[in-house]
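Common to both upcoming complexes is chain A, partnered first by chain B, then by chain C.
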Partner chain A sequence: MMARIVSAVYAALIYGFIFLPVAVLVLFSFQGTLFPIPPFNGPSLRWYGAVLSDQRLTDGLVNSLLVAFITSALATIMGFLSAWALARFWLPASAMIRGIITLPLTVSYLIIGMGLLVMFNLAGLPRSLFAAGIGHIVINLPLCFAIIYSQMGAHQANIERAARDLGAGELRVLTLVTAPMLWPALFASFFLAFTFSWDEFIISFLLTRFDTTLPVEIWNMLRAGLNPKTNAAGSLVFGVSIVLAIVFEIVAFRKRVA
Partner chain B sequence: MTGLPKNSTGWFCVTPALLFTLLFFVLPFLGMAVLSLFPKGGEGFGFENYAQFFGNPSYWRALVNSLEVTAIVTAVSILLAYPFAWILANVVPERWQRLALMLAVLPFWTSYVVRSYSWLLVLAENGVINQMLMGSGMLSAPVQLANSRAATVIGFVHFFVMLLTLTIYANLKQLPPNYRKAAADLGAGPVSAFIHIILPLTLPGIMVGAFLTFVLAIGDYITPQILGGNNELLLPQLIMMQIGRRGDFSSASALSVILMAVVTIAYLASARWLKIERT
Partner chain C sequence: MSETVVVEKVSVRFGSTLALDDVSLTVSPGSYTVLLGPSGSGKTTLLSVLGGFQEPTSGRVLIGGEDCTHVPPARRPTTTVFQDYALFPHMTVGNNVAFGLLMRGMAAAPRREKAREMLAVVGLAEAFDRKPHQLSGGQRQRVALARALVVEPKVLLLDEPLGALDLKLRRQMQDELKAIQKRVGTAFVHVTHDQEEAMALADHLVVMNKGRIEDEGTPEKVYTRPATRFAATFMGESTIIGNRAIRPEHISLVAGEGNLGRARIVDVTYQGSFKRVAAQGKETLFLVRLPADVAIAIGDEVGLACDAARMIELPS
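Up next is the complex of A and B:
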């Protein structure tokens, strides 16, 4: 009994620690006055109105969604193709290829961003959303590859073989047999990549200039110090991330049940 | 594509990912390594950037600060997360575990910038904690919580407690319950069973989490910049300063290579615990 009480108290403390900053962030996004500090004065939607009528922030939001959607789709497709090739075909040096593709997983985003900045700089390419998008694919491709590769089992290979015996070409096997069988993994990889791109800051900060993503715009707002408008923008970003996480959770859970 | 022999299909499919990684990851890194050997304002090739790093105490100090903060963060996060993961895996009823775990990692999904800003709201001089302590009469004047190493550590620990809870929980759930019963049958008490059976078997989960913590914490610019301020610099802050204030890409490249070397050493040290395997 004693152990259960200690457990409950400990768990409550950790939950409190984990939720404290988020609760403060969201609560004071509904602040009616000028500062996001106690006493709480509200609730008011004043700062959400301010966020939604701020052109820079809404542009940043659209840019973030676009970059996240396009880069996760490309990372998932490339990850899927390479995972399939490495799981199904005998390729020389396949261990090395696997190593190279998963290599960026162990490298800080800062270094990936710096490297691209240096290279684009030497090549005379300007900083842009496109450059940041390339960075997002670099960080997400190894993740997508690892997720999809881990789900390639032998039973699927047999079904693919059966499809080939029945006369399907490689392209049809890939699109009509392999991809549908692996769709939970593809979906999970897409959503995880989407979330990471949506939340990513340092690469976008280094590689974009005027047109930029939402986390960078929020970073720019921090110069104004503590401000309920920043709370409102942060709460919106958090809300979108939570929706993505729940979708991911449902998909991952379904896969385990099936 | 159908007429080609099988292996060319394989090559055809693996090429985009491989080429992309070589072109936008390996090549930029090599470019950075080369650029670091041509110091800004120097006479072509030279090791000045590296000499400066090892010779200038304020540069050297940034790496030491980073290693210290990362070590503290990793240790504190493991100590906080392990009992929590254990409670989630063993005390919480099975049907609620998934929900409990999902709740525990919910703020994990906020972006770095927003998460650090949230802690600033809590720790600032007129923030929630100071106001609460002063309101309850425990403090007469606000204490300086933000802009310190402690604030950086708190911001990091918050994130990594969630990450480590995930990895350790996953590891605890894989242990067959029989092991503990067997240990009890053989005369081991709960404490002894934990130290000799459970802990060694969950070491891989701890190591994976510790490695991720190390890599992600040592390379992060946001948390120390927002919460720690400029009182003491960590390595990523120093790197950003080279390009932000001085426009010195060469020096920034050298520091990035050093950061990469530190991470590689950590990887090699824990490599045998980290394996991506097919199920």
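Up next is the complex of A and C:
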């Protein structure tokens, strides 16, 4: 009995440690007065109204969604194609190629962002959403590759052989058989990449200039000092992340059941 | 050329091992050919060569009179039923069966109709809208068969198609395979290591070992007059004495010596319709099949005899 109480308290403390800051952030985004500090006067939606009527924040929001959508789609397609090549065809030094593709997972975003910044300077590519998008593909491709590669087994290779045997060329094998068969893995890697791109800060910060993503806009806002508007913007970002995580869980869970 | 398939002096080399060693084979129209052999005998490699999944190192493959040696699987007049069925898990049974027709550019309505007809041939008309994972092993097997047959191949290749089924279902599907083959009239080439299955199905039986064809012919010919020692022991059991093989059912018990000498019974297995007996002679362990009602026990001393005409002469 005692042990159960202790473990329950311990669990409560752990969850509190993790989620209390987020809970406070969300709570004070509903603050009715000018400062996000106790006492709580609310709830009020005035700061959400302020966020949504702030041109820079809504631009950032749209930019973030665009960058996340396009880069995750590209990273998923590129990850799928490279996984297919490495799982299905004999390539020289394929273990090394696999290692190099997944290597960026171990490099910090700061290093990747700085490296790209230096390189884009040399190449004459200005800081822009486009440059940040390339950065997001760099960080998400290894992840997409690893997820999809892990799902490509020998059984599926045999199913692809059956399709070829029945007269399908490689393009139709890929589009009618391989991709639909790996649909849960493709979906999962897209959503995971979307989540990472959505709240990525350092690379976007280093590689964008005038048009930028929402996390960078929030950071700009924070430099002017704390107010409940930043809380509201942060809560919106958090809300989207939660939705993405739930979708990801559902997809991943369905995959295990099937 | 009237033969459906002609394999001419085909060899396949994997590094230093010779998986197929100068194999020649013909498959007649409408025949049921079974490739029988232990694992590593080259039977699956030969099937892959026929299907186009494996290019021979040397030799030629003619299908319907055309040289198909270097033609990829997609453009061969062959289809394969894989051991694990390899059904498309994301498609309905109907779309699985219609896939080959879609690849051939057939319009949707006739495609569905032909798929339905072929599903009816294999006895699964009602499964059209179901998904493969909702079917039993035997049903998936039939879907795989229908999917391969619907495109009207010149030869249907079956890679251990019954290997994943339990014994009872296997015997049942075996009869059904034979019936379907007779109904559609397509030449079947079937790979198995199960000699009972091979005997039940084959019009033409091919016994393989170590990348070579050891013996071929009707099951009766291969059983009664095996060409090699390997064929005599792999296709049914035999006792080998020098250059001669004796089938267990041709040995009888006699009083006194008998032409095979005296032996001591070392094992008796009751099989229902007969008793399988092992008897240790002076130098040879005899395998004997006796009627089920013969009273015999381990330790008995018996005389063994065999009609000289029943002994199979083997090439030395």
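Basically, the second predicted complex is superposed on the first by the 258 of 258 C-alpha atoms of A that agree within 3 Å, B and C clash if a C-alpha of one lies under 4 Å from a C-alpha of the other, contacts with A are read in each partner's own complex, and residues count from 1 in each chain.
By our rule, a contact is a pair of C-beta atoms (placed from the backbone, for glycine too) under 8 Å apart; a residue touches a chain by one contact, two chains touch by 3 or more.
Note that the structure is predicted; figures quoted are calculated from it, not measured.
Peer 1: So, does A:118 touch the first partner chain B, the second partner chain C, both, or neither?
Peer 2: In the superposition, A:118 touches chain B alone.
Peer 1: Once the structures are superposed on A, label A:18 by its partner contacts, choosing first (chain B), second (chain C), both or neither.
Peer 2: A:18 sits against chain B, while chain C stays out of touch.
Peer 1: After superposition on the shared chain, which partner residues are touched by A:129: those of chain B (first), chain C (second), both, or neither?
Peer 2: A:129 sits against neither chain B nor chain C.
Peer 1: Based on the superposed arrangement, let me know which partner A:169 touches: chain B (first), chain C (second), both, or neither?
Peer 2: After superposition on chain A, A:169 lies in contact with both partners, chain B and chain C.
Peer 1: Of chain B and chain C, which one contacts the greater number of residues in chain A?
Peer 2: B
Peer 1: Does the superposition put A:159 against chain B (first), chain C (second), both, or neither?
Peer 2: The second partner, chain C, only.
Peer 1: For A:68 in the superposed arrangement: first (chain B), second (chain C), both or neither?
Peer 2: neither
Peer 1: Tell me which partner A:192 touches in the superposition: chain B (first), chain C (second), both or neither.
Peer 2: neither
Peer 1: With the two structures laid over each other on chain A, which partner does A:89 touch: chain B (first), chain C (second), both, or neither?
Peer 2: A:89: touches chain B, not chain C.
Peer 1: Between chain B and chain C, whom does A:81 touch in the aligned arrangement: first, second, both, or neither?
Peer 2: A:81 contacts chain B only, not chain C.
Peer 1: Where on chain A do the contacts with chain B and the contacts with chain C coincide?
Peer 2: Looking at chain A, the two contact sets intersect at 169.
Peer 1: For chain C, which residues are in contact with chain A within the complex?
Peer 2: These residues of chain C touch chain A: 51, 53, 72-75, 78-80, 82, 84, 86-91, 99-100, 103-104, 133, 147-148, 151.
Peer 1: Mind pulling up the chain A residues that touch chain C in the complex?
Peer 2: Touch residues, chain A against chain C: 155, 158-159, 161-169, 172, 176-177, 180-181, 183, 258.
Peer 1: Of all residues in chain B, which touch chain A in the complex?
Peer 2: Against chain A, chain B makes touches at 1-2, 6-7, 9-14, 16-18, 20-22, 24-29, 31-32, 35, 80, 83-84, 87-88, 91-92, 98, 102-104, 106-115, 117-122, 124, 126-128, 131-132, 135, 158, 161-162, 215-216, 218-222, 226, 236, 239-240, 243, 249, 252-253, 256, 259-260, 263-264, 267, 276-279.
Peer 1: Which part of chain A faces chain B closely enough to touch in the complex?
Peer 2: Chain A residues touching chain B: 4, 7-8, 10-11, 14-15, 17-22, 24-25, 28, 35-38, 78-79, 81-82, 84-91, 97, 100-104, 106-112, 114-119, 121-122, 134-135, 137-138, 141-142, 145-146, 149-153, 169-171, 174, 195, 198-202, 206, 215, 218-219, 222, 226, 230-231, 234, 237-238, 241-242, 244-245, 249, 253.
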